[in-house]
Amino acid sequence: MGKVARFILRRKGGQGWHWTDIVTWFWLVGGLIIMFGPAIWLVFSSLKTPAALAEFPPSILPYVTQQVTVEGHDKPLMLYNAKMPDGSTRVLAEVRRIGLVAQMVDPKAPAEIVRVNINDRTPVRTMSFATENYTQPFVHFDFLRYLWNSVFVTVVATLITLVVNSMAAFALSKYEFKGRSIAMLVILATLMVPLSVIMVPLYSIISTLGLFNSLWGVILPTVATPTGVFILRQYMLTIPDELIDAARMDKASEWQIYWRIVLPLTAPALAVLAIFSVVWRWNDFLWPLIVLSRRELYTLQVGLSIYSGELNVQWHFILAMTVVTMIPVVLVFIFLQRFITTGIAGTGLK
Amino acid sequence: GDVRIMWYSDGVEGEVMKDLVGRFMKENPGINVILDNVAYSVIKEQLPVQLEAGNGPDIARVTAIKDLSKHWLDLRPLVKDAKYWDDNFGLQADWMRPDGSKQISGFMTQITLTGGYANKTLFDQAGVSIPGPKATWEDWAAASKKVQESQQVPFAMAIDRSGHRITAPLLSYGANYIGEGGKPAPLDKGAKDYLTKFVGWAGDGTVSKDVWVSAAGSTYRAAADDFINGQLVFYYSGSWQVANLATKIGNNFDWVAVGSPCGPAACTGMPGGAALVAVKYTKNPKDVGVVMDWFAQEKIVKEFSERTLFLPGHKGVVDKGGLDFKSDNAQAKTALNVFVESTKTTSEAALKLPGWRWSDTVYAAIVTRIGQTLAGELKIDDAFVRIDADIAQKVKDAGQ
Amino acid sequence: MTTPSLSAILMAPVNAVMRMIDVPLRRLQKATGIGGMAAFFLAPNMLIFGVFVLLPLVINFVYSMTGGTAFFLSERDFIGGQQYSRLFQCQNYLDPMSCQEDAFWTAVGNTFWFVLLQVSLMILTALITALILNRELAARSFWRAVFFFPVLLSPVVVGLIWKWILQRQGLLNFGLYQFGLDPYTWLTDRNWTFAATIGVSLWAHMGFYALIILAGLQAIPKDLYEAAEMDGTKPARVFWRITLPLLAPNLLVVVVLALIKSVQVFDEIYVLTGGGPGTSTLFLTQYIYETGFASALRNPGLAAAASILMGGVLVVLTLIQLGIGKRGENKGKR
Amino acid sequence: MGEIKLTDVKKSFGAVTVLKDINLHIEDGEFVVFVGPSGCGKSTLLRTIAGLEKITGGEIAIDGKRVNDVTAADRGLAMVFQSYALYPHMSVRQNLAFGLENSNMPKAEITERINEAARMLEIEAYMDRRPGQLSGGQRQRVAIGRAIVRRPTAFLLDEPLSNLDAELRVSTRAELAALHVRLGSTMIYVTHDQVEAMTLAHRIVVMRAGTIEQVGTPLELYNKPANRFVAGFIGAPHMNFLKADVVAVSAGVVTLAFAGGYRGELQIGQAKLHVGEKVTVGVRPQHLIVSDDPQHPTVKIYLVEALGSETVVHGDLGGEKVLAVLPGQQRLNAGDTVRFDLSKPVLHVFDDNGLRLFTHPGQEG
Amino acid sequence: MGEIKLTDVKKSFGAVTVLKDINLHIEDGEFVVFVGPSGCGKSTLLRTIAGLEKITGGEIAIDGKRVNDVTAADRGLAMVFQSYALYPHMSVRQNLAFGLENSNMPKAEITERINEAARMLEIEAYMDRRPGQLSGGQRQRVAIGRAIVRRPTAFLLDEPLSNLDAELRVSTRAELAALHVRLGSTMIYVTHDQVEAMTLAHRIVVMRAGTIEQVGTPLELYNKPANRFVAGFIGAPHMNFLKADVVAVSAGVVTLAFAGGYRGELQIGQAKLHVGEKVTVGVRPQHLIVSDDPQHPTVKIYLVEALGSETVVHGDLGGEKVLAVLPGQQRLNAGDTVRFDLSKPVLHVFDDNGLRLFTHPGQEG
């Protein structure tokens, strides 16, 4: 245990608390509360009934009023703690409410009706998970199909993104050629306009190319992300050119240099981009919504969106499905972040 | 062949529809109906683009029915019995066809009607009696204010942030949006009167301004949550809230639907709704006709309404009455019936607006500017000027 | 010991493919020289990019010169710079309410302050987070996940969570109430709401930038830190003099992206505040979105014009940053 | 001020053990040189002293204070890295100034120290260049400069002159020696260069595979190597080793039979040997003298290297390789046969385990 | 196969001119060594030959074909970088294999070549380590290995042995020489090590500040340096230079007056000198012999360096620094005064511009 604690509380240097250690722990604990707290709350909320979701004061955990079946009543009755006129409290089941007065019975003695002012009773609550938030959508929608579409879009788009962007980044970081800065600039310039703005022109292009209602129509416009090129290019700038020189001396073709030298050395940035790409493509919503209007092509996010109506949004389903759809990306993140480890680029050089 | 229906849901209607589609296909083996459930935003934002490009589904459930009417298919030659359609859906037929045409574009899957809800328990606790059917907006304001003060809830009244919602009291105050040649008229006295009153109520805390200031532009916001949590005495929204309130309030308190309060001119709510329409660009008009016919059957409409807790848009169904809404919540059933009743008192002016092409423009301008006024960014008089200017600009933009 | 062999097995077919690709490419290289290869590497990206990003952008520009409500260019009439002049029609340029498109100028003003505050805070917090996550922590991947987590959420969910936290009947007020403090209507107070938009967008995107910085930090050769340590350098100075300059190329990414994304902030804010109270958190993208799509009578031309203006400003800002970054870039070179 | 004491210092990288129980006491102000074959752990030892590597066992004390847990920054040493580790984003001047600025030294003094170092290392012309714009030797000089401007209590120098040309190497070596005298700081110096080791060191530490083989003054190691390894390692070209059998032992004198039939008599001193024992005899190439005496063993030459000032002859003596360094430029060619006089030179005799038994003083002592 | 011809090659980095009109013809199979002071442009010249730097003027031809615009990969050379430039993400084995895989060599042959190189460089034990886990010398050996497995038409080696210990350096040097013989490839070799230059080179190219000072065989340069720079650069420790005045000239003999009053007579050969001219006389430290003759100039010793096999004496001769390398271990101390015989050694006489006028053959030739 001591060892574990020492490991967890490992500090700079060894002895004493350096101020950076204090900042670190302050930040980590703060991060845990602020960054992660809402997430946990999200998970709990996804297990609440719509009524509990709308409730104030909100509860952290999903609670519902406890119910009992009482002899002589077909339906289960709600349990309340009722304050009696003599100041004692009893656990009673509510039979019905008439105006301000609730008619209640003791579940153990169901014959006698007790009248209680509605303000003198508080519900007996127990934790209960509204698992139907999860199960219902699975029944409603073709979850496996949507999942497959999502996975297909995400995987294919991410792979193409990684390859295509890293190739461009390689050219833009390791070659001197005319128009290099222009190319870089154009790429950056297109970052400037949000998708919602170019949606209509893009839509007409997609239609023209016959990519409407095709998963490729979702994939292709996203794979040339300027962001990816930019991230990779800037990272590649930090790889020493001498390694490329060495590879050229080793008769490596430019393709081999790209594939065998530059890409592995860019692993941390590639991992970052892969994570981003997966997250983006997985969560993509607006664009697939435009391109895909057929149920069999829906991705999870599009499928999920059907719970947003005109006048009403069924948040309990959306939250539950959000939690479900998040699991794969969290796993992907955990897997990929391992590649963001100590860069190796420097150590081959004197 | 294939018939695709683009459908959005506010509640369970997607499920009901799926069920019905299954039934349809059993009865009509040759036609494969595919129900594409989408988000409402797709209907609102993407569908128009698709339609302009000549894409789109074969049938769609839409709300901007007038705006897009040039894309709808004329079903008149395709349906079995056009007269049945005219008789039962004629009242709203104008809402969904280009001005001046006689086309049958589709039918309303649901009629909505704005109206108020009162927290009966709060009234009871405060010992204030709920104003009667002929009560005015002022009466309601006074009564709910009393309840609010006695029960220490944050707000007395709230109206959804929506031009459509607020138009109901405006009409009751005698406002008329439609000017010469069907173009928007400048805000008239009736409109200004109510808006001034409304802003005043917001100022003295009678009306919750939270929901109105909580967005910019014409964004829709509902104040239902406050009502659900018992924080609100009187809530003006619409019939579609019934199911929502029923599930979320449960038996926390008693509530009632009270129809629309009165103004000097009328006691009207605003109708609205969503229509199921056929799209011109279908490759399969014959089958589309069959599908539409099937869904427009009286018994199907009735079943659909009962299961979804929607007000039917079918004259026969309404007139025959006896709708048995499928809810185990007695308050909900009562409320729905109140709304069904009040469809009958809807004013002429109110019935015209859904079929008027500029109504959304007016709504948007009012919401935008009144929202700003409540947030303290505009004075009410400036707001009126701006509203008129905004509308005029839009009309100009549209090239008319 | 099994991992490398496993990955070797996985990589074998990929490597084989790459070797096959290499054969024609070598010939290409012979024919075109290294310069030609640069074009080759750039081509796929540029092709996709040109068709799906650049072309729409150009079309968008044309849009901004047209009027009407139709979506497709073919049905729109050319009106030249009218949309632009409309945006610029003001009586008094200091008062947005005096402009014809008062919402546009309000949005411009809001966006300006938002960007200024959000970007600087973003860089600061992302940098601190990355530095901390770069330390030798126990359960490092857990901590990384903690800070990255919000990035995984869709903007709508982000907006929603925070709305539920901040609204009048939200978690925060409940917490205050538990501590005996008065609840406050955070989201109807303009200053608080503005702060909330900044806070929430920080919350939602900080992990994104922290991750980029983290990768950049890992690329700094360790021996330089050793050298600095031998030079008796204090941690703060190591940061300013070693880490920061060597991070420059990657930091540039963060600064540029943070700026661009911040100007384009939309989804989560839209859900959270809808631009309110009043118009105090109405930002440019929302204005564009509403003008172009959501409003009753959309005006795509005006939206396009506004977006072109916004893009123009961003291009200029980015160029300035690149200019500054260029120096840093050269610095970082070994 | 700069006394360093290592007690049972161990270091492993995972399964690889690099340092095994190093014990070493370096006095304040001493100039110690580490030598040893490539990969024997010299750099690692330096880095553990610097505090850049956490040791896996033992104790390091500086000035009597245990510093195992003291960070490198707080140990107050300066180091020249084998890989230079220059700050790539700083000019040469900034590289030099960096360490000084850390200690809030007045500007004027910083400038002065930098200029002095620059002059000494002949890098004045490149002060505003970045390391990336320098040649290998120039970088190395900057690395040296960065350490010396600091004037710490102890210097750790890892092959600091390896990439310098002969001239510069000699002058820099001299400057380092002078600096050592002037500052009185302890210096720990790793080198592969015999001349550097011999001329600079107070004491040389000979390492092999993570252990210390011998510690002593240069001439001690040269003249009295503890074992065959040290004997072979100190002196360039390395000592020749010839196998021999003890054929006769008499009072103070032993007769050895070498491969190829030559027999020699050696003064045994106090050492004990028995007839039939096998020994190895070491003789330095510089000590071999060409002879005409037919009694002397013949060597078949297979390679002659003319260095100008001397000639290195590679030959074969009864199946064993022998090197001889002959003065000046000799007229010898591969294929020639010469005889070497084995009776005159100093001969080191090692036993089976490589330990030195005794040294035959030779005729020129 | 490996003939390399440089014509008027120029190279500048921005404003810095690094190579000025380099003309050099390297024959196929030749072993050429570049020497020169640190920063004189050796590495740059190597890199231009490799094709890694675009030259700013002139022409490079390989086997008679102009290659100015041929990429490095297509020139078919192999290089050992001064900074190693190992692929940090690959194991040693992969580093070695990379170049071979690029030319689609069968697996079996790759393995064989790698194993051979590993054996030769004694890096077999580290084949699965990454460069980051190796010592400096081990890395350098991997860098050498990466070049030699390739067996190219020409090798470019930039100070390949600088971080190896003496023993390994000698053996690797020998292996390189053997490799050169075996493969017959051209080798261009940069070094700061005199011994390497002298033993390996067919021809040595002496560079200074971007120009070539002299090209010739090792002994040519040693015995007949074209100028003072070359004379000083070849040979370690460097040649002593003494200023002298011509006081008399007669047939074939010149009399020089040195600082400190010593006068010497030198055989002038064909050269012409005038009375009153100032010359510089160079004498190698190894040629100085201690003498008792009171006629010989006295030298005040200020530093004695005992290298074991020889002793380096630093002294002052009439205000000028002199170095002498004396054989064996001498009993001299700083402060002593000795006399050196200047009449016997080979003396090089240089004119005012540093050009060698003639060489006095000395008595031992």
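Should a chain be cited, it is by its letter among A, B, C, D and E, assigned in written order, with residues numbered from 1 in that chain.
What we mean here is this: a contact is a pair of C-beta atoms (placed from the backbone, for glycine too) under 8 Å apart; a residue touches a chain by one contact, two chains touch by 3 or more.
These numbers were taken from a predicted model, which means no experiment stands behind them.
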Chain E and chain C - chains in contact with each: A, D
Reference chain D; chain at largest CA-centroid distance: B
Chain closest to the middle [Cα centroid of all protein chains]: C
Busiest interface, counted in C-beta pairs: A-C
Separation of mean Cα positions, chain D and chain B [Å, integer]: 93
Between chain D and chain E, centroid-to-centroid distance (C-alpha), Å: 22
Centre-to-centre distance between chain B and chain A (centres being mean Cα positions), rounded to whole Å: 34
Separation of mean Cα positions, chain D and chain A [Å, integer]: 61
Set of chain E residues in contact with two or more other chains: 71, 82-83, 136
Sequence positions of chain C contacting 2 or more other chains: 29, 34, 71-72, 169, 221, 223-224, 246, 293, 332-334
Chain B residues counted as touching two or more neighbouring chains: 44, 49, 53, 225, 229, 231
In the complex, chain D residues that touch chain C: 50-52, 71-74, 76-79, 81, 83, 85-90, 98-99, 102-103, 130-132, 146, 150
Chain A-touching residues of chain B, taken from the complex the two chains share: 4, 6, 8-11, 14-15, 18, 34-44, 46, 49-50, 53, 55-57, 63, 121, 124-125, 222, 225, 228-229, 231, 238, 240-241, 244, 247-251, 254, 274
In the complex, chain E residues that touch chain D: 13, 16, 35-39, 41-44, 82-83, 133-138, 141, 158-159, 162-170, 192-195, 198-199, 218-219, 222-223, 232-238, 284, 286-287, 305-310, 312, 325, 327-329, 364
Chain A residues touching chain B - in the complex, by the definition given at the top: 50-51, 54-56, 78, 94, 97, 99-100, 118-119, 140-141, 199-200, 203-204, 207, 212, 289-290, 293-296, 302-303, 305-312, 314
Partner chain C, residues of chain A touching it in the complex: 7-10, 12, 18, 20, 23-24, 27-28, 31-32, 34-36, 38-39, 41-42, 45, 56-58, 60, 163-165, 167-168, 170-172, 175, 177, 180, 183, 185-194, 196-202, 204-205, 209, 220-221, 223-224, 226-227, 229-231, 234-235, 237-238, 240, 242, 253-256, 258-259, 268-269, 271-272, 275-276, 279, 283, 285, 301, 315, 318-319, 322, 326, 329-330, 333-334, 337-338, 340-343, 345-347, 349
